[in-house]
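Listed after this line are the structures, all set down as structure tokens.
In what follows, chain A forms one complex with chain B and a second complex with chain C.
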Partner chain A sequence: MIPFDFEYYKPSSVREAVLWFQQLQVQRKNPMYFSGGTEIITWARRNSIQPGAVIDLKAIPECGVIGFHQDRLILGSCVSLSVLSSANPFPLLSVTALGVADQTARNQITLGGNICGKIHFRETVLPLLMSDSRVILAGEKGAREVSIHEVFLHQIKLEKGEFIVQILIEREYLSLPFFHVKKRQIGNVGYPLVTMAALKKDERTRTAYSGVCVFPFRSIEIDQALNDATIPLTNRIEQAIGKLPAPVVTNEEGSAAYREYVLKQTMAEAVITLEGR
Partner chain B sequence: MLAIDKVRYFGEPIALVVAEKEYIAEMAALRIKADYEPLPVVHSPSEALRKDSPLIHEHLAKYKKHEQVYPEPGTNIANRTRIRKGNMEEGWNKSEITVEVQVTMPQSDHAAIETRCSTAEIMPSGKTIIHSTSQSPYIIRMAISQSFHIPLHQVIVHTPLVGGSFGGKSAIYTELLAFIASSAVGGRAVRLVLPREQDMVSAPVHIGLDARIKLGCTREGKIAATEILHLFDGGAYSDRGAVMSRAGATDCTGPYRIDNVQCDSLCVYTNHPYSTSFRGFGHPELTFAMERAIDLMAARVGMDPLEFRFHNAIGPGDTSPTQTDLNKSNLGDLPMCIAKLKEIIYWDSRPQVQTSGHLVKATGVSCFWKNSNTPLNAGAGAVVIFNSDGSVNLLCGAVEIGQGTRTALTQILAERLGMEERRIHISTDVDTETDPWLWKTVASRSTLLSGNAVLKAADDAIEQLKNMASIILERTPDELAVGGGRVFVIEHPGIGIEIAQIVDGYKDSTGNMIGGQVIGRGSYTMPDLTLLDPETGKGKTGPEWTVGAQAVEVEVNKRDYSYRIVKAATVMDAGKVINPEMARSQITGAMSMGLGLASREAFLFDPNGAVLDLQFRTYKLMRYGEQPEYSVEFVETPHLEAPYGLRGIGEHGLIGMPAALANGLSAATGASLNRLPLTPESIWRTVHDSV
Partner chain C sequence: MPTTEPVYYSLTCYVNGERQTLRVRAANTLLHVLREDLGLTGCKPGCENGDCGACTILVNGLPIKSCLMLAVEAEGLQMTTIEGLRNSPVLSVFARKQAFQCGYCTPGFIVNCHGLLSAHPDANVETIRFWLESNICRCTSYEEIHEAVQAVFCAEERCKAVILRELRRGRYGRNPSYSENHTTDR
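Coming up: the complex of A and B.
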């Protein structure tokens, strides 16, 4: 159980949420924004975090949106992964979301929560990185729209008191040819050994990875290596592996050696799948 | 119950906090600061046996022994069982072909959905009331009574409908802690519910095994000799692990005729969580070792793996490793199980290995047998009480853990009394104050022990009913039978009397009472069990074996060694199937559990001996969507001593699954897969190492 008491707030507007955060901050309540809550509950149960207050964002209308505005898909940060994948506005995002946890957990886990989590995998960010999505943030200084690359490098980087309201994705990305594979230690549910997502845009393959290093990433260098049609595929993959941004992980799910073996195969599958399309 | 001086395993409790509310207790527990001085860690049974290994228990010689165990003070050996049968020299001389196999099976969790919990309350009179999710209410009563010097009748233990236990709830654990907690607060009721992480590592776990088997065989394919070394990972304390290592010896050959056997089966202390009973009780482990060796030997001899097993199947007239004489009744019919298995998996009509691109399909097989290893006095009682409307209450001590024992016992009683099951009431709970004693609900023994007690209680009641009716009907009791809620004359079934009229005594036409209340009582203890000879292992640990043959079909992706379990099949000699639906579901559940165990379940330790995967996030179980197609069929060779000839079947579906999966994956990949769990990475590693 969670052995400590905490306050719970459920504001119904962006402004109210930001104000609550500021106020609770002043009161030294160590507030946290709360979306699906799976991670907060998990860490609080183990006494690794002790928020004195949580601010639930799920009643904020903007955070629950799935829809289009002009040529952009708008996804509210509090849309649950199961709702997101059944509405299916962005098929690559849907299959990526379906790889996270299990159905019961996906009913709780939200897009924004998954991206901002402390957990290493944060797999739903992969399609967002590849589609150069935009992010609407709200905070003390009001709202701002930024590129995902400005606020997400390996992990989310927000100002204190800021939260993600929405994610915006250009419509042209939604129907591009894609590839997604999640390989686990064993079975259909669990953390990744390797999750690889790929999109083909303008005859070039963009790739992004989770599970390989201690953070999810997209790497321009890796994409350059994989797209270099002048050399054989195995060499391209060798070069791509040489560009990994951090050491390959060894953990309960598997060793670095096996991960690398699986990663190379997955890269080959991705390139072969997308080159023909 | 709490560590003194040294902590021997990760998860061992060092302090107990009692509070009014759970969160207060948890907050208080978080404030306990412990300074540990690190000691060298013993990580495996093999490490524990090295000469320079630290001793986990320095004062082993002074420990009290409750059952037949042979610890070796000055070492980390908690028990050693020796099997010496036949003449090894002769056996090896006959062996033109030999194979040697080493296998490893790590410790793992029982993973029942409901974690262990219990409450304890000590009344001012000294009466102690325990509620527990336990398979062993009568052992709890004894443990509390002996440990805290309370007379047995003052200790009352209740168990509810417990559900998933798998052996893990037969060990006494939370009950003693709850008792200590209650006595610390003046006897107030204290409830102890283990959170998942503590349930996984503080409470006892599934035993691990390192084994080495040497098998000798003639060129014609007749197994002539075996030498076996079992090193069971008992963890830091000797719970049932010591007895499980004995079970690992008594059935060490698997269901094969081997005339020359040498086996040393050891339970070894390590700095791991301590081990206790787990579905199969040492048999999934010993079977994994032996069946890997059998498969390798079949290949060396050049025989079909099922043919090889069929030819070496143990039969009536042979003797067990403990030199028990075998007959149809105590052994069953393994060749028939193998023959039937061949049919249901179409063994003869397709190749064992089929390749299609990077996908390889293969089928692995395994046979199994299992007898029980109980104390000699393991027994049960039953009481049959009649209500004034002729309905019946059945009292017995078998705990319902989802295995359906209480349903089976009701069926057995209904059959013997010739009445409908719906007229018989049996509660889902056990109450040691009113229900007669049963040793424990373990070892697939409840339908034998309680079933025989129920039959005796039924016969006792029938005799009383007939005696009373004989006066009323003016017939001798021999002329009467009980059935359909009546006592009637066998020759003239129309002449009789309703049971309802006589169960509380019979009031005749003049108003005089004849007889009194009818109460049937029965008890049963397994006869002729003996201790094992410490030098040769000669003796009889249980009344009968259940044998069977199993198969697992896999489809391996040779690119990354991921695989799909396609089909799993079991043919078991169940003696007599009295409830086909429940029998199949028990066996299917056990098969699923065995496949999960074999494919993914394992505790991972860091260099300090801390368990890394103590949550279901990283500790993997088979999910619903990953289940293969299951087939279960039966052979029926009655065990003459059991009710209606039935044999224990609760555990047995699990036993051959790890071996069959390993044999299937080995066939598919061409690598010898002798380490569990069989994750794609472990297969990849083996394939790479052997290249």
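Coming up: the complex of A and C.
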């Protein structure tokens, strides 16, 4: 049971959503954009967030799109992870999405919601970081298209009142050789010890990680270390570990030392898999 | 800041083939509206955190966790709870195989399995595993549940053809055409 009240709005256009946000902001109602809603409902039930209004984006046509325009795949931010995996326009993104939560939850969790969540893992951003995807944002100043790297560094960084409308991925990335693994302490559902995704482009491996630090990330320095074919793989991995952007997490899934051990094994699997392709 | 006054919204939706018109708080989850406003207590509050699957219902044919959906989101949607699946072949197989112990999680398992049967009547072992991972049985009755699900998906082709035909006709709780004449205003 959510222990407080809020208002609910369901705009049918991008412009209407932005206007609602502005108006509710003026009224000091602390509005929040709402997509799948699973995380907002969870936090609200715990009284950890107290929005005075939520703006449900699911009726906005642009946010529900899966399609191609010229040489780019267009993914609406409100596409559910199960629909995304089933449509499978980007296999690496599909398998990554299939690792999030469970099948029933994936019928509700959306691509945009997963990326913008507060939870540490936000795994669907990994393929988007490696494919240098672009993001269409809408806000007070209108719509803008930016690189994912401009708005996602450890977490999403949007201007007040902005939301993700669509994500654009160049077609050339969709069929590249890839590697993906999610290693958990136990079972097939749950949070990861290590999630690693990798793509091979122009004979170089790009990697991205979740579960290792308190945020998902892609690191150019780590990729440079792993791609240095002049030294043995174990040395490359040691160098890559030295480039991690934050301390390795210790939590109930595993200690930092154990996680680092698992990460090293996973890096080796990824490099060996992709160097042979 | 949260609003200080409860805000109520009119909601029209279709539950087990019946049109329902309700007034709901925006902050109410679908789970609590189904249980408390409609008296459909078959969907169970378990973790209320999206983990256990005891509250699973079908929304437009797809299983969702009703603890993680606001009731106001259900405007115009078709919903099926365990009460709407009383003739489901899945339910009878679960009963025949005694695929339960305390039974608290059973409605969620049956609803999810029914959704799977409708969406993927020829689901392979991997697909079945993927879907059923969404539900937890604290009594660990998984062996019997596994047997029941296997029995559903391994039904003889002739038997399955009948089940599928009935599913498509809405025999087991998805019958939109029934809805318009059966209105319950609350």
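By our rule, the second predicted complex is superposed on the first by the 277 of 277 C-alpha atoms of A that agree within 3 Å, B and C clash if a C-alpha of one lies under 4 Å from a C-alpha of the other, contacts with A are read in each partner's own complex, and residues count from 1 in each chain.
We take it that a contact is a pair of C-beta atoms (placed from the backbone, for glycine too) under 8 Å apart; a residue touches a chain by one contact, two chains touch by 3 or more.
Treat the numbers as computed from the prediction; the structure is a model and nothing was measured.
By the touch criterion defined above, A:262 reaches chain B but does not reach chain C. In the superposition on chain A, A:188 makes contact with both chain B and chain C.
In the superposed pair of complexes, A:22 makes contact with neither chain B nor chain C. Look at A:41: by the touch rule set out above, it reaches chain C but stays clear of chain B. Partner contacting the larger number of chain A residues, of chain B and chain C: C. When the shared chain is aligned, no partner comes close enough to touch A:155: not chain B, not chain C.
Touch criterion met: A:4 reaches chain B and chain C at once. Using the contact criterion defined above for the overlaid structures, shared-chain residue A:273 touches neither chain B nor chain C, since it reaches no partner. Of the two partner chains placed around the shared chain by superposition, neither chain B nor chain C is touched by A:227.
When the shared chain is aligned, chain C comes close enough to touch A:104, but chain B does not. Overlap of the chain B and chain C contact sets on chain A: residues 1-2, 4, 102, 188-189.
Interface residues of chain A, counted against chain C in their complex, comprise 1-2, 4-8, 10, 28-30, 37-38, 41-42, 44-45, 50-54, 56, 58, 82, 98, 101-105, 107-108, 188-189.
Of all the residues in chain A, the ones that touch chain B in their complex are 1-4, 47, 102, 183, 185-191, 252-255, 258, 261-262, 265. Chain B contributes residues 22-23, 26-27, 30, 195, 559-560, 562, 599-600, 604, 612-613, 617-618, 620, 622-623, 625-626, 677, 679-681, 684-685 to its touches with chain A in the complex. Only residues 1-7, 9, 25-29, 32, 48-50, 53, 56, 62-65, 67-70, 72-73, 75, 112, 129-131, 133-135 of chain C touch chain A when the two sit together in their complex.
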